[in-house]
Every structure is written in C-alpha cells, then in structure tokens.
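Each chain carries a letter (A, B and C) given by its place in the written order, and its residues are counted from 1.
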Amino acid sequence: MSKRSSVAKSKTVVFVMGLWFFAFTLAWGAQATTICDDVGREVEIPFPCERIISLSPSNTEIVFALSLAEKLVGVTTYCNYPEEAREKEKVGTLNEINLEKVVELEPDLVLASSLTPPEVVGRLEGLGITVFVLDPHSIDEVIGDVEKVGIISGAEDKGQELKEAMEQKIEDIKSKVSHLSPEERPTVFHLIWHEPLWTAGKDTFINEFITLAGGQNVVADLSGYITVDLEEFVRRNPDIITVVENPGEGGDLSYQFLLSDGRLRMIKAIQDHKVFPVDGDIVSRSGPRVVEALYMYACIIHPEIFGEYEYQK
Amino acid sequence: MSIKNKKRLIYPGLLILVLGSIFLAQGFGGGRYQISDSLSLFSSSTLSPSERIILFEIRLPRVILSFLVGGSLSLGGAALQGVFQNPLVDPYVLGISSGAALGAVIAILSGVYLGFFTIPLFAFSMALFSAFLVFHLGKVGKKFPLEVLLLAGIGVGFFFSALVSLGMFLAGEDLHQLIFWTMGGFWNSSWREVKMVLPFLIVGLPVLVSFSRELNAFLLGEKVAESLGVEVEKVKKWLLLVVSLLVASAVAVSGVIGFVGLVVPHLVRLLGIRDHRHLLPFSFLLGGGVLLWADTLARTILNPVELPVGIITNLLGVPFFIYLLQKRKKNP
Amino acid sequence: MKEYLQAKDLSFSYSKRKVLDKLTFSVKEGELVGVAGPNGAGKSTLLHLLAGLITPGGGEIIIGGKEARFLSRRMWSKKVAVVFQEVPQNLDLTSQEVVTMGRFPHLGRWQREREVDEEKVFWAMKITSTTVFSDRLFSELSGGEKQRVMIARALAQEPELLLLDEPTSHLDVLHQLEIMDILLDLRAGGVAIVSVFHDLNLVSQFCDKALLLKEGRMLSFGRVEEVMRAEEVEKLFGVEFLETTHPFSLRPFFMPLRKIKNETHRGRIHLICGGGSGSPLMRELLEAGFSLSLGVVNQLDSDEELARKLGIPVVQEKPFSPFSPSTMEEAYRLAQKADFIVIAPTYWGRGNLPNLDLAERLVRENKVVLILKEALDSRFDYTEGEAHKKLERIIEEGGEVIEDLSTYFSSPSS
C-alpha cells in the first residue's frame, strides 16, 4: 500500500466520523431543548427565562426554593409561603385565572397545576406562552418536579442541589425506621374534615408520609380521599390521629370535634392524648415542604427517634 | 265500611313495621347485616365498651334520627300540600332549605365555634329567618294569598341560594365542607341531634293533626272552606308556622334532603288515604321509614365509605315523577 | 214568617270602583228570593257579602236577628251555606266525602262523624239524586253531577239561609227542575233562600220575590208578580221581552224578542266642543241612547273626525279659520232640533268664541243649555276672560252647570 492512499483513507475516516459526531450533537442538542411535563406535554425550554408565573401554592414554593424569587412575577391568591410570596402580583385563584393579567405580565414560563382549567392552558399556549403543568402524585414525583422546574427555568444546578438535599433527608428518615417491625409501627388516622369524616387512604401523599415515617395508615385498604362512617373510625381504633388545621381562619373545628365528642373516648389515640393538629398548608401541598411534612409525621409517630413534635399555630 | 276496618289494621301494622325497621336497621353496620347487633337492643351485657359505643351512641341514634327527620319532612310536606292545595309543593317551598344552607355557610366561613351545635344553630336560625321573610313578603293586607306566598318562597329561595353560591366561591378551600352539608346526611348523628329534633315533633305532630279537618276543607278551595266555617287566614298562619319550625329543625341537623317530603304524601294518597286525619300521621310514619332505609342503604352500600343520603332520596324522585307523568297523560 | 235576613244600604267597592250601591232588602224564613241582572251587575259580589266572605264597605247585614259582623266564622257557617258557581278541580275525594264536608261547622275539632251526621249526608245526597255516585271520585263526575254534589254539600250543612250562585247553569232540564223542587221543599221547611239565576224565568216561575240588579244598583225588589213586568225587565237587560202568563203556574213568563234600539229613545243633544273635549262625551251619550249633533268645529279637529266616523251630523268650518257668520247660522239651525245643548270643557280662543254666542242665543230661546262644570275652569280660557264672561252670561240667562252627564241624566227629573 502506498503512503498516500493510507493517509487519504484515514482522512476520510476522520471526516466521516466528524460528520457523525456533528449530526449526533445536533440531534442531541435538539432533544435537549424540550422537556416533558407531568401531563405528558412536550414543552420547549424558554430562553431566556426571566419572568415566571406560578398558578399554585406548591409551584410557588418550588420557585422560591430554587432561589428564583426575583424572576417570579405572578402568583395566586392562595400563595402564602414564604411570606414574600404574598407581595407578588396576583393572577387569580386555583381554578379561576385572569388570562389578561397573565398576558400583561409577559411571562417566559407559566407553571400550572392539575387544578388549572385545561382551557386556560390551551389559551396560553395558543398565545405563544410556555406553560408547564405540574401534577405529582408521590414524593418522588415532587422531587422529579423540582428537578424539571430547575431545568426549564434555567436553574438546573440549584434544582439538582435541592433534589439531592430532599432525597438525603428522606433517606435519613427512612433509614431510621427501616428496622421497625409491624408491631412497632403505630396505626395512624389522618382527619381532613369531620362532617362527614374525611380521610386519606392509599395513593395519597398522606399515606406516603405515614408509611415512610414508620407508621401504618389505618385506612390503607381504601383508595384516595374518602369519607368514612363514624362507626368505622371507632372500630379501626387508630393509635395516633393527625388532624388538619388551616392556620389563621379559626379552622380547628375538626380538632375540637376530636377532643369533645364523647363517643370517641374508647379510641386509643384519644385515650393516649395522641391527637396532633398539622398545618394544612404543609401537608396538603405538593411542593418542597413535603420533606418537612414527612419530618413532622416522623416526629409525631416516633418521637423517641426524631424528637417531640411541636405545632406552631 | 270495610275501608274503615282496613284502616284499623294499618295503624298498628305500620307501627310494627316501624319498630321492625329500627330493629333491623340496627343490625346493619360495617357493610353487612349482623343479627346479633339487632338483638343487642334487647340485651347488651356481652358487649365490649367499644361495641357498646358503636351500637348505642353512634348507630342507634342515627337510625332513630333518620326516622324522625324523614317523618318531619314528610309530615311537613303533606301539611303544606294541603294548605297550598297543590301536590307539587315540598317542605322547602318557603325558602327554608336555602336559608338553612346559608346559615351553615356563615357558620363554616366565620369559623365561630359555640360548641358542637354551632352549625345546626346557625342553620336553624337562618331557616326560620327565611320563612319569616317569606311570610312577610307574601302578606297582602291581613291575608296570605297562596300564589303570592309561593312566589315569595321562590324568590327568597333563589336569593339565599345565590348568597350560598357566593359564600362557596369565596370559601375556596373550604368548599368541600359546604358541599357535604348541602347534600344532606346523617354522619356523626348522636343523641344530641335527636334531642334537637324531638321537641318540635312532639309538639308539631299533634298540632298539625288537629288541623286535619281544616286541611280537608281546604281541598274544596279556600272559598268553600271559609264558607264551611274555616278561619282560613288563621289556619294558614298556624300551619305555616308549625311546619316551618318542624322543617327548619330537620334541615338544621341533617342538611337538605330532597324528595322525601314531596314523594311520601303521594305514596300515602296512592294507598287511598286522602283524609288528613290519617294522611298526616301516615305520612309521618311512612316518611320516617323511607328515610331510615335510605340512610341504611347509604351507609352500607359502599361501606366504609359513606354515601350522602340525599343522593339516594333524589334518585327516589325519578320513578316518582315518571309515575306522575304517566298519570297525567292518562287523565289530562 | 219573620224576617231572617236583612240588608240595609249594603255597599261594596273594589279598589275605587263601586260594585254595589246601597242595597236594601230582606228575606223571610221560608222565602225564595231570585236575583237577576245582566253580567257584571254585582250578583256574585252580593252573595259573597251575604256569605260573610267579604266585608261590606257600607251598610249592614242582619242574620237571624243578629248583626252579622258580630258573628264568628263558625256561627256564620252554621247558619249560612253557599253554593258557588265554580266547582273544585282535580278533587280526588269521593262524592260522599265531599258532601260530608258540609258537616264541618257542626263538629268539634277532634270529633268524628256521628250517626246523625251520616244521616244528614245521606238525606242531602238522596234529595239531590247523588247517592248513585257516593263512592265515585268527584273529579270523574260530569259538570252537572259535580254541581249537584256541591248542592248536597251545602244542604248537609243544615243552613237556615241558603245562598246559591247560578245553581242550574250546567244542568239539563230534568235536573234543573229537580233542583227547583229541592229549593221549594227547603223553602217549605223554613229555610230562607237567595239564589242568583241566569234564567229570568226560573225567577218568575218559582221565586217568591225578585231582586233585580243592574250595575250595582237595585232596580227593584219585591214580589215577583209586582216587580217582574215587561218594562222593568227590559230596563234590566236592554232587550225587548214579550210577557205572557205561564198556563200552569199562572206566573209571568218572558220571551226575549229583540235588542232595544236606542236611537230616538232618550232625546237629542247638540254638543259644543272641539279639540278632543267632545270625544268621550260622544261615546257616552250614544251608548246611553241619545242622538247627537255637533258644532261648530274646524275641519281636522279630532272631535270633527270622530263625529264623522260615528255618523253624527257636524257643522264644520275650514281648518284653522275663525268661525264665519254663515257657519254659525248653520249651527244654529242644527242646534234648534236638539232637546239639550251641552257645552264641553274646550279650550276657548278667539276663533271658537262664537260658539258661546250661539249658546247664549239658544238659552234665551229657552233651550236647555248644560255646562259641564269643568268647562268653567280658567285654564281653558285663552281669551283673557272674554270666554268666562260669556259663560257667566249664559248661566245668568238660565244655563245649568252640571257635574257630569251620567249623574244628570240618570236622576229622575230627566
């Protein structure tokens, strides 16, 4: 073989490989500019992402947790955490969004929730506004959302950081209760409202909190958020009861009910005075504070491992 | 005269049915029937404290309350149908249900807590207030012309309903609580609720029955009734007052349960009973029985999940209206 | 037989409309009084008053010697029973149950029907021939059958005074006569009866006395033979009747002939008007039976247009022109033929002032000149008082100022 032809051959190979490499990068780069949201929509990552609107309290909390507070230009009337969120411009409630307001604020990214009416999402899309729908059903999915929001808002690094922190905390709690046998896991009943008795079965966040924190959901055989018979409640005889309180609105009627209705006197949780009010904003939101919620449950269920639970009104 | 003999048998018959129903309903719990639970009504010595609580402080008062409420609503419905000489009138025609719902909304939104009877108290007061408003608006001089009363009732009802909707909208997150209340149901019924309803029945039932003859006369029209000696306006006033109290107390403890008050008096009339001296007590007994079983169904069918009993009674309304339609088609 | 029911100056108004005006009559025990009159005369209202269902605006009612307003509802119902014209609809009671309602005033609050009650009910149904439908639902009966059942119900009340509102209107001849027989029986038993009849002859054939009611006023009251004469009855209905004597009962019997022609009946009136003031008067007077003439008015005046439409002779002047002497002469000749001259509340200007001169001339010739009071109001005077002066002169010369035409023409002197 002549020296000339082997050099030519290697050049061709390099050239072809270069072509391949170039094509591959191009393809990969194209894929990298869209991300899938929680309802299966392929959303293009906006660039730049300077103005964000949140359409639910949990989304707002995510945005703040990612240190993107300055970029947040619109929130809902229910967004009350952290305190700074209250001062942001309001664009509506959970189900009623003022489209004009949203458009006026010229957002680069709108973070919607499962409660946002689909027509609103459609309209915003039609107007060329990037909408990303968040609808997590488990703690893992919440963490996934945090990561995704980080990516789509240009705070990928912070997102990763937060994700790891959350996973770490969860792992921490999990590990401390993993050794417990079923008998060592108290039964827990979560009361959302008392007339009728409204609780959370499996496939709910509450269920996860209870289970991961080393307890057992006393209505784990039922699915979703359901109402149960008072009789059933007495029969199931939970060891611990957590009850939702909505801070600031005097909404502790359910807690009062638990303490005052004499028919509950035979329930173990009542007898042992293990009735714990929990902040509705923390346990009912699918934002970064799920970790805090989990920790609350851990303290409630296993104070001997995690310390006493303290409830601040 | 054989009709009279039939009637003589029916009263004790119904009473037995009622007691039997209570006995049987007591056995339904946890999604199934257990005769031992029914028998516990007679001897409860072998029960654990928990079981005792379940049977005698949760289930029995609920069974009895559903009976009393069903009876009150049907009694009220029958009396009102007589006063208005209109079989399509139901016990809420004086805007009572909307008033009660508004009371509940106010109680829930304001977060005021006056003890366990907060919501019933607010509901009862607003229900009475709406009835009072209707009387006032429906009055022309010293008389209560029926069409005006009906219009006033509809108007007030709509007005309060609008306020309820407004309240629900403003409540936002508290929405679910209100929805449950407006659907009507017997969750958490205790002897306290029974005590709230009972006094109105004890007074109301005999008072209404005492007006039976006047109600009978009303069937011929107000003018003829008056010419027969009925003090029409006075009778209307008393009847409306008593029925309002009865219905308001029922709605206050169990929310808005539809159709029972409308349908049951018709069922009684189908049995051939038109004389109010019998129509009223029959409506009471039958209505109580119907609601008792509707509630038993509601708490058994999807156990431990509870269905609001209002859903079952509303379904009752469908075959009833089909029947009414058929009847009217044959006899236009 | 003594007086059972007495009505003195009984009046009733509905809003501002007077429905009944000062009725005075009495009914003895065992007397059958028939009430007759055209539609809208107030017959039903009268019965409602006698039944105590409405309160009189004036006057009083005495029942069985007691002043009615002191009677309680219950007492009243024990004495007086009413059979209304309307029959209850959609009533799902048996006929027997309906008739039994009649016992209401005689039973206490908690009392059950006694044997005597059942007997009365049976009796009432027997004489109304309704026993056959005892167990049938009232709503399934025919109109006539329902009426008989309602009569039975009233009878079951054992009234001392029975009031009926057109009790035979839905009945066939057989049942009509049966009802009249029942009424006669009751009457023989001492019950006082007042019944409205649409059929004049039922009154004349069966009743003791007749009460003739027209436009809320009692035209006459008294024994049928005295009061029911052709002229009275014609006045009542505005229809010509032929009066004969019934071959069996020997009582008056009336056969309607034809509608009374109104034209030359009451006289002729010449109207001095213009600008619409004459329009309401023209109609009123025509309907009251007068013939009319008009003048002088300008063409295109609304009164002139209406007069032409109604076929009333009019003396016209050219549009917007003052009245010329020749036109006035024409009007004078027309007005001469009238029995009355009526001056309506017209706006007086220079142009139509000659009409007043015409009136003055006519009153001097002893024609009856009537001036409607409203016409004297100074707001109608655009002639700086001249019109008023002329009107005063007319009055001085014998012109009469009247409130309104209907009062003037219905008083006995006209």
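Criterion: contacts are C-beta pairs under 8 Å (C-beta built on N, C-alpha and C of every residue); 3 or more make two chains touch, one makes a residue touch a chain.
Fair warning: this is a prediction, and the values are worked out from it, not measured in the lab.
Trainee: Drawing the touching chains as a network, do you get a line, a ring, a star, a complete graph or other?
Mentor: The chain contacts form an open line.
Trainee: When the contacting C-beta pairs are counted for B-C and for A-B, which pair yields the higher total?
Mentor: A-B
Trainee: Between subunit A and subunit C, what's the gap in Å when you average each chain's C-alpha atoms?
Mentor: Centre-to-centre distance between subunit A and subunit C: 86 Å.
Trainee: When the centre of a chain is set as the mean of its C-alpha atoms, what distance in Å lies between subunit B and subunit C?
Mentor: 52
Trainee: Using Cα averages as centroids, what's the distance between subunit A and subunit B in whole Å?
Mentor: 45
Trainee: Applying the document's contact rule, which stretches of subunit C touch subunit B when the two form their complex?
Mentor: Residue positions touching the partner: 51, 53, 73-74, 76-78, 80-82, 84, 86, 88, 91-93, 97-98, 101-102, 104-105, 107, 109-110, 153, 157.
Trainee: Under the stated contact criterion, what part of subunit B meets subunit C in this complex?
Mentor: 210, 213, 216-217, 219-221, 223-224, 226-231, 269, 274-275
Trainee: Considering the complex alone, what residue numbers of subunit A touch subunit B?
Mentor: Within the complex, subunit A touches subunit B at residues 78, 93-94, 193-198, 219, 222, 226-232, 234-235, 237, 246, 249-253, 256-257, 260-263, 265-266.
Trainee: What does subunit B use to touch subunit A in their complex?
Mentor: 29-30, 49-50, 53-54, 57-59, 110-113, 115-116, 118-119, 172-174, 176-177, 180-181, 185, 187-188, 190, 299, 303-306, 308
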